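Here the structure is laid out as C-alpha cells; the discussion comes afterwards.
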C-alpha cells in the first residue's frame, strides 16, 4: 500500500503540490483528476523519485521511500508509466520490455514477461521489431508492459489516454482495472479526462492548483456537478 | 547622477578612452623603465591579451568554444610578413608602404578568415564547433607546406622588425624613423624578410603529416611546452629571446639582438622595448574596441543569443548573425595579435601558430575568466608569468629539465579543470564575486 | 594501378585504427553527451604504459593487456573526477574540461617518459609481404591490425546488443529517464561508457603507436581524424564510426600516397567542413548538430 502524507513540491518559486495526502489501496484503481497544470504529473513524478518533495512523506508497504532515487523506488515495487513517449523507439519491443526487469532474477523476469504477453498479445507478435514501428495504442501497451516487467505492487499511470482513440483508451483502462483486481496491485491513474478515469476507478481525488479539493468514491465525484463545473470544465 | 552619466553612450565612450589612455601610459612608462628582458615578456603578454580579448567575446560572451584562433593568428602573422616583404607601395592607393599598412592588411585577412569560419561555425552546436576548430588549428598551419616558395614551408619566414633609429622612445612613427635614416640603409626603409635557408633550421625528424608537434616542426627538438612561442623557434628556453632567431638569420648587417642593435646604433634604443611598445599599442587599441563592443548593445546581443537563441530571435536578434559577428571580431583581434607575434619573434612559421598556441589562448581565457576582458588580460599575464615562476621554483629545488619544462602545462591543464569545476568565472569571476553576477543561472542545452 | 592497390590496402589498417578511436569517441558521446577531446591523450598515455611494460617484460601481449587495463582505470578516473562533477556546469565547461585533461595528460606523459618520439614494437613483422616476387604495401602487421579491429568490434557488438550491461547502456543513452524508471543505475552506465571507451582507445593507441611513433603529442592528429569519422558517421552511431573510420583511413592513405603526408590534416579538415556544411547530423544519426 502506497501512503502519501502532506506532500509539498515546488519548482523554484512555483509551488506545484501543497499538502497532498492520499492512500492508494491495493486491488483497485484510484483516479487523480484535475485540469491541465493542476499538479497531477508532479505528484506521479514525485512518487517515482524523479522529483524531490519539499516536505511530506511517501511510504511503500510501511517503508519510507521519500527522497529515494527512481532506481531504488522501482526496486521497492513502485513503477511509473510517465506521461507521453515512454518507450525507447531505438530499441526493439522485446528490449523495451526486458529493460523493465534487468535487475530481477531471470525466473521473475520470465514470469512477468509471460504475464505481459498474455495481457498484450500484440507485443509478443512484435517483440523483435523496433518500438517506433508500433502504433500509438500499441506503444502505450508497451509502456505499461515495461512497467509491469518491474513486478510492481503499485503502478502509476500518467495520462495513458493521451493522444489515443477513445475505443483504445477504454480497452486499455479496462485491462488495467482487471489487472488491479486480479493481481491485487495498487493502481494510481492520472487523467485529465475525468469521465473515462472515473469509470474504471473505485475512488479518486480532484487536484486543483496543487491541492486536493475533493476526494471520495468515484461515483460521487462523477455526479458532483458543481465540482465538475468548477475544476474539470465540462 | 553618476549612474546616469555612466549610462549615456557618449560619456561611456569617453570614460573608456580615458581608461585606455591611462593604461597605455602606465604600460609605456613601465616598458621604458624595466630591463629589456622584461620588456620582452611585456610584449608577449600584450600580444596574448590582444588575441584573448577576442576569445572573451567568442568563447565567453557568445559561448562558442573555439580552438581556431591560433590558426587565425597565423593568418595575421603571414599576411604581415608577406605584405611587408613583397610590397613597397600600397597597391591601388600607391602610397609608400609601412608597418601600419601591414597591420591593416593582417587585420583584413583576419576578418575574411573570420567570415569564412564563422559562416560554417556559427551554425554548429558546441562539441561540433570545438571539433571543427580543432581541425582548423591542426589543419590550417599545414598549408605552408603546400606553398613552400611563398610561405617558406616548414622553415617559415624570417622578418626584420622595423625599429626606428635615433633612440627609443623618442622615435615612434615610421616616418620619423625614415627621416632620420640615410636612404641607402635598406632595413630601415622596409622590413627585410628573407626565407631561412633550409639548413639553418634543424629539419624535423619525420615528415610533418606524421604528428609533428609545433616545436618539432620548426626545431626538431623535444616538445612539451605548448606556450612559449620563442621556444617554438629555438627549441630551447631562451633567456635572451631574440638571440635564437638571430642564430639562424641570414641577415648579416642587422643584429637582431636588440641590445647589440642599440649598441650598434649608438643610442638607448632597445629592440625588445620597441616590440613591447608596438604590442602595447595594439593591445590598447584592440582593448578599447573590445570594451566598447562588450559593454554596449552588441555585448548584450551576444549574451542573449548564447543564453537562449530562440528567445533572442523573438526579440528581433538574428542568432546566426550575432554568432558570426563574434567570430569576425575575434578573428580580427587574433590576426592583429598574430601580426604582433610575428614582430616579436621576427619570424613566422607553422610551428609557432600550431595547436599549442590555440590551446594556450583557451587556457588563458578560462583561467583569467572567460566572461570579462579583464579576465583575458589577467590570463595573458598568467600565460607569460607561470612558466617563469615554475622555472624559478624548479631552479631553487634543482628539478630535472623534464619536470621543469612540462610542469607549466600540467598546471595549466589541471587548473583549467579546477576552474571549470569550482570557479567557472575564473580568477576574475572569483575576484568580482562570482559567476552568478556575470551570468544568469539557467540550464542550457538540455538534450 | 599497382600503387593504387597498395595505397588502398595500406589505408585499411590506418582506417581500422581511426575507426577504433572514433568508436571510443562515440561510446562516450552516447553515454555522456560529451565529445571527449582528451580521448587521444588517454590513448597516448596508456600506450606509454604499455610500452613501459613491453620494455620491462619483453611481452607485447602483456603490454596490450596492461594498456587496456590502464585505459579502463583512466577512463573511470576522468569520468568521476572531472566529467561527472562538470555536468552541472554549462555546456562550454564540459568541452573546455576535456581539453584541460588533454593538456594535463600530455604534460604528465612528457614528464614521465620525456618528449622524444619512441618506437613501439610490433608483435608481427612490419615490412611488406612478397607476393609472386613483388613486394606489396600491406604488411603482416597491417593484417594484424585489421583482424584486431574486427575482433574488437565483434566483442563490442555482442556486449552492447546481447548483454544486460549493453541494453542498460543503450537505454541510458537513448532515454535516461525511462532507464532510471526501469531500475537502471544510469550514472553507473555513464561510467561504463567511459571505461569501455578508455579500453577501446587504449587498443587503438597500442595498435597505431608502431606506425606513428609514440610521443606526448604524436596522436593529436588522430583526434582530428577520429572526430571527422565520428561526426560523419553521426556521433551516435557505432556502425557509422567504424564505416567512416575505415573510409577516412582509405581516403587519407590515398591522399598521403599520391601527394604527401602533410596534406592529411588539411584533407580531413575539408572533409569535416563539407560534412558539417551539407549534412551536419551525419549519415547515421537522429541528433542535431546545428544550433540555429
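Lettered A, B and C in written order, each chain numbered from 1.
What we mean here is this: a contact is a pair of C-beta atoms (placed from the backbone, for glycine too) under 8 Å apart; a residue touches a chain by one contact, two chains touch by 3 or more.
What you see is a predicted model; the values in this text were computed from it and never measured.
J.: Which of line, ring, star, complete or other matches the graph of chains that touch?
T.: line
J.: Which chain is most remote from chain B in terms of Cα centres?
T.: Farthest from chain B by mean C-alpha position: A.
J.: Whose C-alpha centre lies nearest the centre of all protein C-alpha atoms?
T.: Ranked by how close its C-alpha centre lies to the overall one, first comes C.
J.: Would you kindly tell me how far, in whole Å, the mean C-alpha position of chain C lies from that of chain B?
T.: 32
J.: What is the distance in Å between the mean C-alpha positions of chain A and chain C?
T.: Whole-Å distance between the two chain centres: 43.
J.: Quick check: how many Å separate the C-alpha centres of chain A and chain B?
T.: Centre-to-centre distance between chain A and chain B: 60 Å.
J.: Residues of chain C touching 2+ other chains?
T.: In chain C, no residue touches two or more other chains.
J.: Looking at the complex, which residues from chain B come into contact with chain C?
T.: Listed in rising order, the residues are 59, 63, 65, 67, 120, 122-128, 130-132, 134-136, 138-140, 142-143, 145-146, 205-211, 213, 222-224, 226, 309, 319-320, 323, 355, 359, 362-363, 366, 370, 402-403, 405-410, 412-417, 420-421, 424, 444-445, 447.
J.: Mind listing the chain A positions that touch chain C in their complex?
T.: Those residues of chain A that touch chain C are 48, 50, 69-71, 74-75, 79-80, 82, 86-91, 95, 98-103, 146-147, 149-150.
J.: Tell me, which parts of chain C touch chain A in their complex?
T.: 164, 167-168, 170-171, 174-175, 177-186, 286
J.: Can you list the chain C residues touching chain B in their complex?
T.: 29, 33-35, 37, 82, 85-86, 89-97, 99-108, 110-111, 114-117, 212-213, 215-224, 227-228, 231, 256, 260-266, 268-270, 272-273, 276-277, 280, 288-292
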